[in-house]
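Naming follows writing order (A, B, C and D), and every chain is counted from residue 1.
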């Protein structure tokens, strides 16, 4: 559970399938004294697509990264790759948006404190004051930015100011406001939301009431990247639990809370470890 | 795993909540020398509804049933009950409708032969000849009734003739035709279908292709009673399995088949044991 | 999610199977103006045993309870019942024992604060100071009682003094000490422990290391009542998660922590709602 | 669901961790015109072990395999590899041993007929005649080899004669006899057994009765390679289902049967696809 070494790096690669990609990438790293720690590669023969995640160690990686990226760009161009190379250290910087409900927030902060979520959490933003105490008890800065449909523009301006340039990921931990398309567009594949249903079932408002009304026997939650279209972004993870006739809408909410916090925490951990690759509004999750 | 005794009976009761229902029902049975074996009762305080299932033994039940029903009707009327009283023996008579796929059919027949599905299976009807051999190897009658959109009326007339009056339940074990509203109306809460998705997600055709396209992380199946509205009847059971980026549409179909056969077989077993009560397009399943 | 009314009561009944038990019990309550809210009854025909849980409302129950118990004792004697009648209010009083790990404690306190665990928590006792801050941030009294094998007698004397007579249940939330048989004997079916394996596999110390060594594909946790024999008390609940070759012992511990906290919290909730009946070192859990 | 092409091959590699293994292997294949389809590699940093599975296509692989193996042996020696290179075609040849229970056998044969288990099944051997009809209805040879403790040597001699040299894998599909150490030693990592409990809990006889006695809340099944020590071989897969107080020993057996057939079929599929690598009595399963 120790933090990975400073020389640990990761690559996520997507390209049209062609012979020799793995050989080229592994030779590239080997020739630069890299050691592969974990490689997961998959070719989709039907659609002719190639996906790969590599975790490696390479001496003095932080200093050499810019040069490596430049050199790799040539190879990448040859194979028409979409790719990124990241450092496992320093940790990614995460801002959490919440409203009044604390279950997802508490789960994230507990896992963060336990060393399971390897991130920095410089900031929690809420449209309510309710969770200030919880957040500050973890030594984390809490900012109250009131937000209604009418004041959304001003609120988002303030949020953007607070986020500045030092944040890598925004987590919507049951933040009950809809972000503007403009805001979302500035954070592509960098906003994770937890929707309280098994999408695409019960998109939109009050999914538990919808689920109760339909009489489903399993309820779920879905963690996804936020895109311009509501509840339609790439799905990262989903979970379900069995429910029965003894469970009323309040019980579904209670059971749902436990699914939500597990699913969101898992999706966030995968993102932080560069395990998620988005292609055609779907995710490839290397686990 | 022995069949229950001939004196075993069951009651399913729904009524507005009122004090004294359990006392009245249990006294009714006790005064007639009945012994309660399993009672499951639930009151929904929000909506003021009372649900109960009772399994009991009562000497000479088969002979006494008509009289008992008549006596119970008085008590039922007093409490505004919707109710039914059934014998655990003889076994219910089930007809299975199939097309070309055998996985649900084989599962049902294997469980039937193993003594897990306590039913008689006098008849399998198919719009194709493919599964005749499988069905007849179990000693069960197979009838081929070709059916297209154009010939549905004639086909349903023939099906009704074959079913006659001696069938209690129709199972659509991946029968790929849509039944007419008129046919469905004659079998209220007596047709069980398996839909190959986690309803209400991906209703209609090609749910696995839809699921692949949306990039879901769990796929499912749903067993439900058939009503006039396609894929919208009361849900009896649902199941899901995790899928990933290595799974293409064919893999989803393969994984889905295993979910379908388990979910359908479980729903059918619950129906055969009189565990399912329908109210307001939802089921109460006493398990 | 509101607390039940003051007039809500529960009965747990075990007796040899005999005709008329349900009728007798429901008539008993009905004649005293009780209303049955939830009744779950099961007869084990093989071993001839009868189990029942009843949840009911009865006017002025708190005042009438002593008289009711006296009256019911006659009926109970007639049927050779083992039974108890409890009030849903006031909440049960729970003491939590912990060592240094906070995951089970935090889960319990979060659920308690969220209104999901309907209990009073007057006291947390630990053999270490580490979790004082966490506990006190919830406004709960924290007592440090150092304990080693050598000082166990003195420690247990101090613990007993702190518990006094006002505690209904002790939860061992990863309390890493073994309680003496004498201490355990004073709290029959009133101490719940979480063992970090799928019992009876890997009883004793270091279960995750044992599980890793054996190469199991699922790891688990077990909540059980504590008896004089280590890790052998009646099991209340168990859970498992899938693990793989990428998981080392530290990963198993991390994954196991999440199973432990869910399983322990669920078992405690069932106990608090009087859903657990112990017979022949096994539990009947009415859910 | 089509069979893989004749030029499809697989490699399973285990060696002490050293820089450059992936680069060497992928270059080896690339230089011989191989195309990597699926590569899954993992380094265990704690124990310094390297594991890899590669699925690839290489022109004229069947003809070139012996030469390739010879060439690869040099590279393997350099890295101290334990390894094997296999053809995805032709299918592996499987013999199934059964006694009287048909659930595991039927599941395997159904999946085989459905194209999910890519194997040839030349032979089923049983110590009873009961399942001859089932087996022969699939067009598969059935051989009755009576076997008791007293006649085991003769029986195993006859079994070995029937197996000859043309079988790659033996599946014990609820074969209720214990094989001799000598027999087992001739089939290292080539006999898969299904044990009807969640090992290591309830090894030995009557695991469901043991589970009932202990009052567990989940029951399970374990597929493992057979070794000289009973129920102690490397675990390939495990599964569990929830059980409750309404389930008696017969119910546990019934529920268990469904776990057994799923777990065994999954383990067999993984073996057939060369996804299982054994090291230190544990398996690495590349899924």
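A few points about this structure:
FYI, a residue touches a chain if its C-beta (ideal position, glycine included) is under 8 Å from a C-beta of that chain, and two chains touch if they have at least 3 such contacts.
Owing to the predicted nature of the structure, the values given are computational and were not obtained by experimental measurement.
Steps from subunit B to subunit D, minimised over paths through touching chains, total 1. Greatest centre-to-centre distance from subunit B is found for A, with centres as Cα means. Subunit A and subunit C have Cα centroids lying 37 Å from one another.
Averaged C-alpha coordinates put the centre of subunit A at 41 Å from the centre of subunit B. Annotation for subunit D: residues 38, 42, 246 touch two or more other chains. Across the complex, subunit C meets subunit D through its residues 42, 44, 46, 51, 198-202, 214-218, 220, 234-240, 244-246, 248, 281-285, 287. Across the interface of their complex, subunit D is touched by residues 1, 38, 102-103, 106, 110, 114, 116, 137, 246, 250, 254, 257-258, 262 of subunit B. Every residue of subunit C that touches subunit B in the complex is listed here, in rising order: 19-23, 26-27, 29-30, 33-43, 45.
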